[in-house]
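Down below are the structures I want you to see.
Paired with chain B in one complex and with chain C in the other, chain A is shared by the two complexes that follow.
Moving on, here comes the complex of A and B:
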């Protein structure tokens, strides 16, 4: 410590002072340049996080930034509210199906597109499958509200009718409503997953395949024993991203089922629960408590998924 | 010799069969993806389906007409909403990119005290879901009396940590010697940034413009919370409120006409920049 704190030799004083001055100037300019970002992060990410935490311990009425301190009572209320649990159940239910289906279908699709040798066709398929991804949730929902029309006039029900299946109340029958949402969002999200998987598939080293070929593996065997294990980090990334995304489901279920999550509350999701408590009932405290609970659920799921991956790694 | 020739030709034939099977399956899949959009466009021109869906479903209008579009534009003030959305998108794009480039440059080239802290702070807040912070943000803006103004979009655009990350990674690849030379010549930091690095940043700016435009254009939840008067609605909110109030799956062809118009801008952008967009998605992993 003492040695390093020794003053510099006399001859070096001049340049050292200059660089020190320059560094101070650099520091100052650095702060000026990052100021917009830092202000944005502090005002619209850090502050709201703490404000939400504070609010969740308050009983508020209407759009007030503060209220009466009530301790854990908002959390207790939410955790004893069957509607909270129902909304969480619906969210996770739709989440599991859309993540599982989305990953399996898009991985198979990506593998198929990646194996096509006709370059023009390859790009065309990528372009077509990705197209719905740029279409808004509002437009997708409006379109599918007609495709999934509950009578035989609906396109999908008409197709089913040709094989003598009675019309299905896709969005109106509580037995099917959640799965219909999953199928609709599969159409919208498939392209994104596929593009990421294709990028991953292209990163699998060629020599791994060559080695497998020497051992006599071909086609699907190579896919099963080399491609899929090699892609595991990408699968984990996709599962985590998909899980986080589906925990935030709002637009489609709100448009289809309103704030009640019709039919029969099957489309009531966690974000819808937060939304209706905050903006219909004016219970900002309860809503922020619910949002913290949702955040904790997301955090736990993420950590579990990442740990699952790590455990498998050490097992290997 | 002949045995080998036969073997390779049969192998080649087998490979060709695999290729044709793949292409056929993918073509069928593509059709499934496209059919909903074809049906949407066809229905949007079908005056016979203005009140109720036709039976059997058809892919060519029974009564082809542009009247649905006229009805859509008179019932839903589409032009107004599109103009509003363009205004919001332009403001958000300018503010976001301004913040991202300046901070990305500083974090990459000006090594100032605390730059690592700033980077960590920005990146870790990317993980915070918007749904968690939307209520305090709403309350903050209502306290500032800015609810129902477009400041609710422009101000939070400063917090574009993902853009900072992209810009920093991009500027990291540009040589630092350019800045050092400029500074020795007596140029200020702003000159070095604006005259030397900014023009080189065009590709990353283009990526951010496209991703931001698609994201802002398609956003619903925040406009739904923060905009109150219908004259200020964005396109998604306007369309959603119209159908929410008149009941979903009513007025098929008029709603499909309005929906078609609402997705034209992003689809046009997509058709022109398709490969570029797909590449940046694959590279950055961002999802709108």
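Moving on, here comes the complex of A and C:
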């Protein structure tokens, strides 16, 4: 009995001693498993990035990599082109409003859905609000071009007409065109943003609310002092992703404003500028130079946003 | 309960499908037996932008259409039983990128594509000349094609016009069409058969406002304010004698831009004056949804095709609308304008050249053009298309315009024209529509500077 009670040697705490051969074999298997992904990333992400960078220093006809080396000429041209700056201004303008409005509206909506006690009803609302997200940008644009039709035949203008407001040129008047695009994109992105926020809201610990309730905090105060601060990482994620997405805006503005970004070039975005140079002028060198300039702008904005989030708060 | 519901739904669906399906099988028109033409062997890879391969139903008219697959089975496959066709259908929306990728990866022999794409790919060396194939083939007669197209289109000819690289297959229709009823309502005399910009302007200005008979809001004119190729700009430039540039498209570095010439100023002044007489949505290509049908409120449409009127006629067999909408030549001095041509072209690295040439000839030839006209209302590029129906006055007018067509430097083959000039002028027009367009000369001076900088950047 006493002999059988002897403790067995504790193998788990001993250093694992493997032979060099076994280690090499294990490494090889690891390389085999990661190879498809690494090859995919190298071929379809890293190579195109470097090829595009090389192209941006060349004067080329089409996508061939055998153009004439022109140094910084394409960058100089883009930076001196007022159309490039105009497109960047439009992109940032629409981006700021899209991100700000999108986040505020979808967070309020997510909070409301999250507070619904009826589980089936909660799922129904999630489904309804997510629905626009599965509709293609082309279909959304077509739909809104009829909703926002500039005469009384347009649905919105018809409704405005019933309260004696003259038809608004939603997509035809330079004063309204960018905001109309923001409203359209808000409708499209609302569902996705709301779902992300709901997931975040469900991760807020219940005991924080319970402690606040003991201290006498009411609904709005709990939302303001617990929910919003706790959701900061989600907000940062949504702002960063929203900013990157907004800086790449193309399909909707192209379908509505054409290559001119009509009206008056207010819908001309940076990607539309790149598209015009790449596919209409065949100037791949200039287009890739503009793409890298846009990349730098996005990078700066992302770094700034992440730095703003470094501030510690009571939940960190 | 669930089973009963399931059976009921299945029955309803079966009945619905049976009721909606055709009672007869889709068959091609009875034609004379096709004889074998050659024992030539080979495999040809064909990429077609936008063609319909399978049989289907026209969404507007409800008529059954024969797709390319059945057409080829009944014709080409019998003529060349040993040539195997590998056909790839590509939607127009992303045809440019996909066909370009196919050319770069050498996965295609023959392409049907947009004229501007073809011209650009030819300049990049991705397409081959077909001069040698034409010369060696005594059975091929270039004389079947419209002279204006065969001799002048950059969609099939090199920029210096010394080499042929494509065969014209389908023509774009762009003509002036006016609504005779609205002209009568307003008491305005009809346009002449070759209406000039001045004549159009005078008429359009009189017909904007409340229709004196119906009380509806009418608009004097329409053109697409966000057109990709700016065909209206080309027509007006021809009408006012504005060249836009001097030199050759094959040497863009040394082109001499003349964008701020007095003639170009006239073009912009005309657009500026006319913009307030168009429906507000025209700056985004909207507002002409009813042009060509009974509910129309626009008096004159520039660069119109007549497609809606012909579809309406095919559905209702009512000639009232057909008589109401009258085509006229375009605004150029001879009634000409820029004419879009979508060609068949051959890849530089074609695998089986002889077989590919036979396929290319057939697909751009009269038999296929007849098929495309009959089932898809495509406009032929032929000099004598005897298959055009008597009522189709729009295609007849388009052929007259195409026959006098000629290419100038303001063309979709001109990269700066497409990427900057057209968008800039479209932007100018959208400002004019709001009554705040800049001074035309100052605007063109700025455009001229940008064009010069662009060319300089190429050096």
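The rule we apply is simple: the second predicted complex is superposed on the first by the 272 of 316 C-alpha atoms of A that agree within 3 Å, B and C clash if a C-alpha of one lies under 4 Å from a C-alpha of the other, contacts with A are read in each partner's own complex, and residues count from 1 in each chain.
What we mean here is this: a residue touches a chain if its C-beta (ideal position, glycine included) is under 8 Å from a C-beta of that chain, and two chains touch if they have at least 3 such contacts.
Source: prediction; values computed, not measured.
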*Specify the outcome, clash or fit, for chain B and chain C once both structures are aligned onto chain A.*
clash
*In the superposed arrangement, does A:283 touch chain B (first), chain C (second), both or neither?*
second
_Which of chain B and chain C A:256 touches, first, second, both or neither_ = both
*Who does A:67 touch here: chain B (first), chain C (second), both, or neither?*
neither
*Which partner does A:174 reach: the first (chain B), the second (chain C), both, or neither?*
second
*Look at A:112 in the shared chain and tell me whether it touches chain B only, chain C only, both, or neither; answer first, second, both or neither.*
first
*asked:* On the A-aligned overlay, A:46 touches which partner chain: chain B = first, chain C = second, or both, or neither?
replied: first
_Tell me which touches more residues of chain A here: chain C or chain B._
B
*Which partner does A:241 reach: the first (chain B), the second (chain C), both, or neither?*
first
*Counting only touches as set out at the top, which of chain B and chain C does A:149 meet: first, second, both, neither?*
both
_Among the options 1-9, 127-135, 145-153 or 199-207, identify the stretch of chain B whose C-alpha atoms clash with chain C after superposing on A._
145-153
*Which chain A residues contact chain B in one complex and chain C in the other?*
63-64, 145, 149, 256, 258, 279
*Which of the residues in chain A end up touching chain B in this complex?*
26-34, 36-41, 43-49, 51-52, 55, 63-65, 109, 112-113, 115-118, 121, 123-139, 141-147, 149, 152-155, 158, 187, 190, 192, 195-196, 198-199, 219, 237, 241, 244-245, 247-248, 250-251, 255-256, 258, 271, 274, 278-279, 284, 287-288, 291-292, 294-295, 298
*Where on chain B does chain A make contact in their complex?*
18-19, 22-23, 25-26, 29-30, 33-34, 36-37, 39-40, 43, 52-57, 98-100, 102-103, 105-107, 110-115, 118, 121-122, 125, 128-140, 142-143, 155-161, 164, 189, 193, 214, 217-218, 220-221, 225, 236, 239-240, 243-244, 248-249, 252, 255-256, 259, 262-263, 266-267, 269-270, 274-275, 277-278, 281-283, 285, 287-288
*asked:* Give the list of chain C residues in touch with chain A in this complex.
replied: 96, 100, 104, 120-121, 123-124, 126, 217, 225-228, 279-281, 283-287, 415-416, 418-420, 422-424, 426-427, 430-431, 433-434, 450, 453-454, 457-458
_Going by the contact rule set out above, which residues of chain A touch chain C in the complex?_
59, 61-64, 73-74, 77, 80-81, 83, 145, 149-151, 167, 169, 171-174, 256-265, 268, 276-277, 279-283, 286
